[in-house]
Each structure stands twice: as C-alpha cells, then as structure tokens.
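Next, two complexes with subunit A in common: one pairs it with subunit B, the other with subunit C.
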Partner chain A sequence: MNRLAPNVPQLGTGAPITAAAWNRFVYAAGFHLRAPSALLAQTVMQAVASSTTTRIAFDQALRDTEGGHDPGTNSSRYTVKTAGTYLVSTYAMMQGSSPAGGEESVAIIVNEAVIWAIHILPRDPGITNPMFSCTAEIPLQVGDYIETQLWQDSGTAQTTLSTSPSNACWMGLHWVGT
Partner chain B sequence: MPPLYPLPVPAGVNVAQLGASAGWNATMPPAINFLLHRPYAYLWQSVAQVLPGNSNKPLTAISLDSGVDNDGAHSTTVNNSHYVCQLPGLYHVVGQLGLQTPAISGSSERFSQLNITVNGNTPYASAPLRFDAGPANAGGTVQAAAYLQLKLGDYIELYGLPYFNPITTFTDYRRPSMFVHWVST
Partner chain C sequence: MTAPPSPVTVTGTTVFSKDLWNNGPAALDAWMRDPPRTVLAQTVAQSIPNNADTPIALDKVIYDNYNGRNAGGTTWTAPAAGVYLVTGLSNLAWTGAGNCFVGTHLTVVGKTTWAASEQPSNPGPVRFQFSLAALMPLAAGDGVQLRIYQNSGTAQPTGFVTGGCRLTARWIAL
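Moving on, here comes the complex of A and B:
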C-alpha cells in the first residue's frame, strides 16, 4: 500500500468549505492516527559469520501498516512506501564463543550503503550474550530500504538469539513527518 | 490537557451534505486534540535506589518517583516503576539507567544491564553497562529503546541487572529515566 502523506489545503477568503477540503482534513487526521509503522521480529536463529556483515532476517511482521516487509523475499528489508522522516529503533542479541579482543556491533543501514546509527561493544568474555540497541531518525524516499546489520570478528561464527520475546531480534519504525 | 478517549474516528462528508458544523465538531476537534495531546510520559528517579548484587543476578525494577504524564498512566507512589497502558496501540519507549559503583578491585566480572520490560521481567530490549576497576562512585549510563505493541492494562518497566555487588543509581542528570509516547493505533 502506498499512502500519500497528507496535505491540507488553505482555502481562499470567503470560499466555502467543500467536501473535498473537508475530506482531505479527515484523511490527514486518519493518517496521523495510524501513521505508517512496522515492527519486525526474528523467530529463527541466524548465523553471524566472523568479519562479515550480516543483515538480520526478519521472518515475522508483528505489524506492517503499509506492506513494506516481505517475510519471504529480502526479509531483512523494510521498504519505504510513504516518503518522510522515520524514527527507527532496532535491537539484537548475539551468542557464541567470544575470545577477548575485537568488537561486535549492530547498525541501522539504509540501501546497503549508509549506516545511520551503530552500537559497538568491545568484546568482553564475561558478557556471553551481548545485546545491542540503537535508534535513528532518517529521511527516506519511496523505495529506500532499511535493515539491521550485525558485525563481529571473534574468529568464529556466532548466532543471533531469537528464541523468545525476551531474546528476539527486532526492528521497529514509524513515520514521523514529511 | 489529557488525551480524549475513546479514540476519535474522523468522518468524511458528501457534497452538499447538511449539518456540517455538527459533523465537524463531533469528529475533527477530538481527532486533532487527541493528536496534539497523544499519550506521553517522561518519568525519572529522584531518590537513589540500591540494587542488590550477587551471583544470582537479581533483576530489580527501577522506581520512578517523579514524572510528567498526560495520561494518568503512572503513579509516583504506587507501583511507581509501572507505566500502565491506558490506550492500546504502538508505543515507543526509551529507557536510561545510570549507576555508580563502590570501589572495585579484583577480577570479578563487572557489568550491569538495562532491560525494558512488559508485564514483569520479560525484556523486549536490553543494553549492557560495563565497568572498569576504579574508585568509588565511578559509574556509567546506558540507554535502550523499544517499540511495544500494548494492550489496555499492560505495563512497561525498566529493570536493572546488577552483577558483582550492590550498586547505586545516580539521581542527577545521569538518573534512571523513561520516555514513553503513543505512536499509532
């Protein structure tokens, strides 16, 4: 579904309030009461190779008002249907052998090119299941796609933790303004 | 001004429809007033809290004894760690935890953790907070954010996970705090 961001017209002096103008106002109110938003989650654990970027596959959409996510094709992506500025938050948790040294991170990346937010942790052998949270406000055009990107360089593969709500990786977003 | 419930449903009109002002007043002002005053809270802690520490990693709800809340969703005195959903929908939540340590020595693992939880201690977002050995009152802060789909009566909390020994919250600008706002139906 591609919804246009609302635009309420300014009426001329003395002009009657037409049904068209009224209904554009109604559309604007309805749009803001249910603005484009999505909450994607991962229910199947995913390997995170060492020293290679990995995008989280979200196999479940807890919410997707615009149909911006396909759990079967490019499931890591939320593809923008309505242009505007979006607030995006993501959360991820990894587990695996964690020798000292190196770093681990989770980032919000757009169009596989630009990282807008990143949470980096130095590897700590005492924290066996590091968790990450990051947030950004991003201006986006129709067709842009947002993903959550993992990185770790422990030397061995790790996995995401996605076995319950308490461990599930997720990415949420909503339209904030034009 | 608190949000207006039930949530308004703006109604369209037809060409040449009569009674426009009544329709307008019944639908549009409530809708716009709701959007201008959608549920929002900024809650924080003014009185320091000591989180007990032992190897069992006891999760502790963070008390939030002060705040701004336009929806009657929080009490500063009764279950003051809770933000109780008054309107179902999608919410965005940001939590912050600031902790200061007693003097630390030795090699025991030194980290804490902030959890954003719903209806108890099941976390939906977490972030670790690691400490180095150092003098008393050294500390740090951490933030986490979450999107939560809430039903009426669901409650959000922040939990702290102390690990190595008792640890005390900050109460200045590094204090624990929680920001909540309603996003959408």
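Moving on, here comes the complex of A and C:
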C-alpha cells in the first residue's frame, strides 16, 4: 500500500474552508495517528558465515501497516512504500565464538550500500552470546529497502539465536516525518 | 527559536476563519511532518586527543531545518523546548594499545550526558563504532554534542569504514 504524506494547506484571506481542505486535515490526523510502521522478527535460527555479510531473514511481521515486508521473497528487506524519514531500530544476537581479536557487529543498511548505524563488539570468548542493537533516523524514498546486517570473522559459521517472537532478532521502523 | 503551534479553543457561534485554520489544523500538520530536526555527518577525519572527551565535528548537513548546527559542527542547538529523540553513531579508527577504553557520549553542553557506551580496548578491534539513542528534555538553546573519549596514550583519528560519525535529533513532544 502506498500512501502520500499528509499536507494540510494554508488558506488565504477570504478563502472558504472547503470539504477538500477539511478532508485533507482528516487524512493528516489519521496518518499521524497511524503512520507507516513495521516490526519484523526472526523466529528461525540462521547461519552467519565467517567474513561474509549476512542479512537477517525476518520470517514474521508483527506489524506492517504498508505491506513493505514479504516473508516469502527477500525476507530480509523492508521496502519503503511511503517516502519520508524513518526511525529504524534493530536488535540481534548470535552464538559467541573464538579466537579473541576479531569483530562481531550488527548494522542497519539501506539498499545494500549505505550503513546508517552499526555496533561493533571485539570478539571475546568470554562473551557467551553477543547481543547488539542500534538505532538511526534515515531519509528514505519509495523503493528503498532496509536490512539488518550481521558480521563475524571467527573462521567458522555461527548462528543467530532466534527461536520465537519473544526470543528473536528483530527490526522495527516508523515514519516520523517528511 | 520557535515553538510548536498552539491552536485556540473557540466558544459559542465563533465562525471558522482563515487564521483559526492556518494556526490550527494546517500548522499542527506542518509541525508534525517537519518538527525541529537535524541529520549531521562527519566526512573529514578528526584527531581525538588522549584522555579528553571530545565533541565530534560534523561537517556535513544532511538536514537541519532550523540551522541549529554551529560553525564548527560540534554542537547542534535545539530551537524549541521539548523532548527530543537523539541518536549518535561513532567511528574511531584504532591503533592504540590494550588495557585502555573507548567511550561515546550523547551530551547536553554544560548539563547532562543522556547516553553513553564505553568499552575496553582489549581484545582490540581495528575500529570502535557505537550506536546510541536517548530521549532528552531540552530547553530552547540547549546544545547537543556527540563526543568520543579514548585513553590510548596518543591521539587517535575518527574513521569512515562503513560510514563516519553521525548525529540526529528530532523534536517529538512538549
């Protein structure tokens, strides 16, 4: 579903408050109360290969007001239907690994090109299961897609630790302005 | 400085006027769509001295609808009172030693640090990147900074692998 961002017009002197103007206000009120948003979750563990970027596959949408997520095709993506600025937040957890000294990270990436937020942890075998989160405010156009990207360079594949909606990697986003 | 619109109540047989409309529904919608906000980024490397909590110079303005960024790019000034959602992303290239630590802070100048992440440098990665977010109650004129601290013993540069430092702020409520 594609929606236009609201725009209630200013009126000039003597201009009547027409039905069209009033209805644009009603549309704006409804839009602001229920702006485009999504909350995607992973409930099935996923392999995270060593030294290869891995995008988290989200098999469930706990919320998706615009239909920007398809669990069957490119399930790692949320594709923007309404242009604007979005607050995006993500959380991930995966198996700990060794040896010490490398990196593990989670990032928010747009169009497989631009990383808007990232949190890196140095690999420490003392950390049983690294967990990360990051947040960014991102200007987006219709058709842009947002993903959560994992990285680890331990030398062997690890897995995410998602098992249910209450124990999941997730990504949430919300339209917050033009 | 600015303030969110404040529509007036009406009584009796008050007739809708242009001003009632423009200062009410139209102004509220415009404010909600585009409240005071900014998206700033760093594109030029900055030296972070040893043992000093250093404001990051954000030289690139991606968005700043009330021109709140100062000339040096180290501070964004809130144009209206309210609660703001502030996010920060740090990037510090690292050639320092172990047994030190690196921190990132979201701070209101002269007031409060609202978010921080600090991490030991051992085992040491090649860079430190933290993502922070905080809700901050700000007065008009308050200055917000993204700061990096490190105590490696020598200066360390900010980095740009996967993107440089960023700061965003958005008014969300009174």
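The criterion applied here is as follows: the second predicted complex is superposed on the first by the 172 of 178 C-alpha atoms of A that agree within 3 Å, B and C clash if a C-alpha of one lies under 4 Å from a C-alpha of the other, contacts with A are read in each partner's own complex, and residues count from 1 in each chain.
Throughout what follows, a contact is a pair of C-beta atoms (placed from the backbone, for glycine too) under 8 Å apart; a residue touches a chain by one contact, two chains touch by 3 or more.
Predicted, not measured: the structure shown is a model, and the values here were computed from it.
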item	value
Partner chain(s) touched by A:R34 [first = subunit B, second = subunit C, both, neither]	first
Which superposed partner A:R63 touches (first subunit B, second subunit C, both, neither)	first
Subunit B versus subunit C as contact partner of A:S133, first or second or both or neither	both
Touched partner set for A:Y91, first subunit B, second subunit C, both or neither	first
First, second, both or neither for A:A15, with subunit B first and subunit C second	second
First, second, both or neither for A:T43, with subunit B first and subunit C second	neither
Which superposed partner A:D124 touches (first subunit B, second subunit C, both, neither)	both
Contacts of A:N7 with subunit B and subunit C, given as first, second, both or neither	second
Which of subunit B and subunit C A:I115 touches, first, second, both or neither	second
Residues on subunit A lying within both footprints (that of subunit B and that of subunit C)	17, 25, 32, 87, 89, 119, 121, 124, 133-135
Complex interface listing, subunit B residues touching subunit A	7-8, 10-17, 20, 24, 27-28, 31-32, 34-35, 90, 92, 94, 109-111, 113, 122-128, 130, 143-147, 149, 183-185
Contact footprint of subunit A on subunit C as seen in their complex	16, 18, 21-22, 25-26, 28-30, 32-35, 37, 39, 62-63, 85, 87, 89, 119, 122-133, 162-163, 166, 168, 170, 172
Parts of subunit A lying in touch with subunit C, wherever the complex brings them together	5-15, 17, 21, 25, 28, 32, 85, 87, 89, 100-103, 105, 107, 114-124, 133-137, 139, 176-178
Subunit B contact footprint on subunit A (complex, rising order)	17-19, 22-23, 25-26, 29-30, 32-35, 37, 39, 62-63, 65, 87, 89, 91, 93, 119, 121, 124, 126-127, 130-135, 165-166, 170, 172-174
